[in-house]
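One chain, chain A, appears in both complexes that follow, with chain B as partner in the first and chain C in the second.
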Partner chain A sequence: MEVQINKQDNVTTVELIGRLDTPASAEVSKALEPVAADAAGTIILDCKDLEYISSSGLRIFLVLRKAAAAQGGKVIVKSINKDIRNVFMMTGFLNLFQIED
Partner chain B sequence: MLVVVAAATLEITGLIQYYFSQRGIREEATHRAESQLELTKLKIIDIVDQTEVAVHNSLWLAQWALTLPDSLWAVSRRMVEENPVIVGSTIALVPGYDKKHPLFSPYCFQAPGETAIRVSSLATEEYDYPSQEWFTKPLELGEGYWSEPYVDEGGGDILMTTYSVPVQDYSGKTAAVLTADISLEWLTDLVSSTRVYPNSSNSVVSRSGKPMVEPDSLMTDEKVHVFTGTVDKTGWTMTITIPDSEIFGSIRQVGFVVIILQLLGLAMIILILRSAARGQKRYKELNDRKERMENELQIARKIQMSMIPKIFPPFPERKDLDMSATIVPAKEVGGDLYDFYIRDEKLIFCIGDVSGKGIPASLVMAVTRSLFRTVSAHEDSPAKIIKTMNDSMAEVNELNMFVTFFIGILDLSSGHLRYCNAGHNAPLILTDAKHYLPVESNLPLGIMGGFNYVEQETDMAFDDAIFLYTDGLTEAENINHELFGEDRMNAVLSARRGSDAHMEAVKAAVAEFVGEAPQSDDLTMLFIHYLKGSENQQKERRLEMCNDISEIARLSDFMQEIADEKGLDTSLAASLNLALEEAVTNVIMYAYPEGKKGKVELEAILRDGSIVFVLKDSGTPFDPTAAPEADITLSAEERKIGGLGIFLVRKIMDSVHYVRLDGKNILSMTKNI
Partner chain C sequence: MDISQLDPHCQAILEEYRDNLPLFRESAEKIHTLLENTFREAGLMVAAIEYRVKSEDSLAGKLELKGAKYKSLQDITDIIGLRVITFYIDDVDKVASAVERLFKVDWDNTVDKRKVHEIDSFGYLSLHYICYLDGAPYRFEIQLRTVLQHAWANMNHDTGYKSGVEVPREYLSNLNRLAGMLELADEQFSKIRTELNDYRRRVQALVASGNLDDVPLDGDTFRSYLNLGPFTSLNKKIAAVNQAEIQEVSLMPYLTVFKGLNCKTLGDISRLIKTYSEGAYQIACYQIGLTDLDIISSSLGPQDLCIAYLLKSGAGKAGVRYLFEMLNGPSESNEMLAEMLMDQAQDLPFMNQ
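For the complex of A and B:
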């Protein structure tokens, strides 16, 4: 699991690469702590290379979403594959996030 | 307060009602009096007219007779003779008109009660007819005149009146007065016989106020209502006097009765309110009692449900058997039952339906179930078990309740099935060709002691299934009172499925069919899928992990192998991987105390239409299926961070069951494919 964070002006792009399963979620969560702390702008979670997500991964998404909402920022989830979209649908996450292709 | 308002409303209503009634009655009295006046007037006018017409019709004769004054006798005689109302008549010559008779007035009359007509002359000195009113007035007026009533001394003291008209001779000179006397007795009769109220009084006075018909009772100083009407021609005025009490007496009486009734009504309202208050108390007591009974029923339901095995798969270790069952009582408690257990490698199972429903049936059900367990514990012959149960139940069956019952004993190693039926409907055998198991009907339990039941047998092969049910299934009614029936049941059971999926499919079909209709009977189904020999047909895979989160990677590989073996598409594989990860993570994180090493076993049983995953651990007892479902409709702010894991497991798998067995948590997850 690899995480690449790229901040330009007000937009933070987070590239998630690989499988965001339970073991991976601990390090991803840690890596995203600074992003959550500075969430007043726009956070783009780029998922084009995210293969899989478990509930612990969904938790990270939700934590970011809450942090952004608290600081006046927003979270955009980009390019999720159809399996992840299915998980988002089952869990109601489709309604919680701005989803972009 | 309520009472005061009720009383006020009642009284005001009463007053309004009284007011309108009074007005109505006053109108009614006026109407009656005026009608009576009008009617009486008409009758008077009728007689008056008759008289006038008779007189006027005789004028020509009188005129003619003037030339021969002696013939005037005939004229007056004819008047009396031909007109029944006229009792006397004269033609009185104007004094000096005839030289021969300075005064001439031949008078013919009929005395009361006589038919003969008498004659006399009114031209006497003492009578002096030219000074009489009946003579002077018509001459003075030049027209007919009705005299003031008078009492005729000569004619039996009868009140009379006279109509008189002037008579001109052919030259136009007024020559005489022609008269007709009428008795006013008819008037007295007419007026006094037509009273508008029993105590009302009628009277008639003449033009000058002389009483013609006396009022018959002297009025006290009581308030009276007076109505009058005048006959123009004669100047008679009729008066109807009605005492106030006569008109309004009844309504006052009614009003009084109404007030009394209203007071009574008020008293009743108070009584009703008081008894309602008491009723409410009683209602509350009843309600409390009802609640208590409902609570007790709920407890009874729990006890009853605890008597039957409800955990499926019931034998997760056994690869040769897959079972599912359901029982849905129509009321809190019911009379259906099923039961099963394994003894000596034999599956001993039964299904039954107690006659009736509710509590009585549930008690019999409990007895039946206990007997089944006790008797079958040491007996391998279904017929002997049933016979013993029947004898025992028939002996003490005072209420004549009975139980249709079916017992099967399946030798799990050989597939040999011995069974005995006691009046229950035949189970279905689901093989490649579906058919009913041939059964002797015998007799239901409890009807006749000493009955010898016939035992039957058959053999089951791998993948054969037996479906047992009570008539609550086939006789489930929809709102149009149509029955679910065997055709629908057979249609649903045609598909080959895992036992759980089968059960769910039948339940769904029944629910869809029944719709809003209330459940009429207990519904019970038992599905037994025999899978002995599955070693060749079904594959098992096993993964042993420790309670370390890094094991998730191995789980992922394990799932991949299964997906490859079963040829699952990647999406399904990803979903199953997710569900397994969530379930396993749950165990790794929470089953064992911090820092303690523990085992996590996962087994996958791969069948034709399903994969069953059985997850076991020896950690603290924990039932993940008991956790509340995550609410996915909440907004981001409201959403809880956790709780999604087991939610996803349930969402992805077709059935999830937990059982604590032999110190282990066992979570069975089935996915139909």
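For the complex of A and C:
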């Protein structure tokens, strides 16, 4: 699992590459700590190369959502594949995020 | 201005001001914090609390104009000035009573300009308190006004009494008419707030008494209804399937959805819950039962409830897609999700009963 963070002005883009499963989530969570600490702008979670998400992955998304809400920012989830969209729907997460194709 | 041109009496006042400047700054900050904390604890929302310590230049200007009037610095009551700007006119009185409770008021110099202005001119409607500084022989000023009074005061400042230029009568008359309008607007805002609060109380009483068919569905009523936790039982039942944690989120986005499903009263939603909870549970079981997903959001219950209703009422793929569009905006994927749900529906018992 690979995480690439790129901040330009007020927009932080996080590219998530690979499988965000339970073993990977500790590492990803740590990598995203600075993003959560500086979440007053827009955070784009670019998921075009994210193959899979587990409950632990959903929790990481939620942490970012909470941090952004507390700091007046927002999270956009971008380009999720069909399976992940399905997971979002099955768990009621679909309308928690602004989801863009 | 050139301070050296002031007479020795005024120079002495300025000197005293300089010596006490740290005290003034510290006191202004303290009073500001005290007001802020008091309003927060009382749940009183104000638009702004401003404070300032009079600058040396400004004081020197005042002394140049009317220095002889002041025996000492203690006679100048606006060295420290604070201003509380409220949203509503009613709140000015609440802030006033807080000020009276918190500080010792110099009543001889406190002016309620709301009462003294001429009947045929609007004037400058604010309440000015002069209070004693704790532990020092100085006083400070607190002005209380609404945002509209504040807007008026700022605009009038440029055009009115302080500009030093005589203002044409016609212009003053226009300003006064505008002021009257603002005064009316202030009253109307307060009236609307009072009426809305009454409405909310009535609705809460109806919701609490269970007369849900008498309660029209709108933002306020839906919020009151959500406080009763109408989806909690369904969410808990769904969560139990995978011993999942429920992430509480705002369900207010469902107001539009339920309106879109033609719910006119809270009673309509209540019937929807009663009739389709079993279907919603079956959908959720089918979808997450064979996964290890152990987190759901509290919006899953209402989401699956709406899906169950749409599937059972024959709204078909278009109906389900419309639901996702209301919840998440338009996306090609909504079609895909709707198609998948139509497939799943064939295997669900509630669809075949």
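By definition in this document, the second predicted complex is superposed on the first by the 101 of 101 C-alpha atoms of A that agree within 3 Å, B and C clash if a C-alpha of one lies under 4 Å from a C-alpha of the other, contacts with A are read in each partner's own complex, and residues count from 1 in each chain.
Convention: a residue touches a chain if its C-beta (ideal position, glycine included) is under 8 Å from a C-beta of that chain, and two chains touch if they have at least 3 such contacts.
Only a predicted model underlies this, so the values are computations on that prediction, with no experimental measurement involved.
The superposition on chain A brings chain B into a clash with chain C.
Once chain A of one complex is fitted onto chain A of the other, the partner contacts of A:Val63 are limited to chain B, with no touch recorded for chain C. Within the superposed three-chain model, A:Lys82 lies in touch with chain B and with chain C [touch as defined at top].
Shared-chain residue A:Met90: touches chain B and chain C both. Of the two partner chains, chain C is the only one that A:Ile99 touches; chain B does not reach it. Of the two partner chains, neither chain B nor chain C is touched by A:Gln8.
When the two structures are aligned on the shared chain, A:Ser55 is found in touch with chain B and with chain C.
In the superposition on chain A, the residues of chain A contacting both chain B and chain C are 54-55, 58-59, 62, 82, 86-87, 90-92, 96. Chain C contributes residues 244, 247, 249, 253, 284, 287-288, 291-301, 303-304, 324, 327-329, 331-333, 336-337, 340 to its touches with chain A in the complex.
Within the complex formed with chain C, the residues of chain A that make contact are 54-55, 58-59, 62, 82, 85-87, 89-96, 98-99, 101. The residues of chain B lying in touch with chain A in their complex are 549-550, 552-553, 556, 570-571, 574-575, 577-578, 581-582, 585, 630, 632-637, 639, 641-642, 644-645, 647-648, 651-652.
Every residue of chain A that touches chain B in the complex is listed here, in rising order: 19, 21-23, 26, 52, 54-56, 58-59, 62-63, 65-66, 69, 82-83, 86-87, 90-92, 96.
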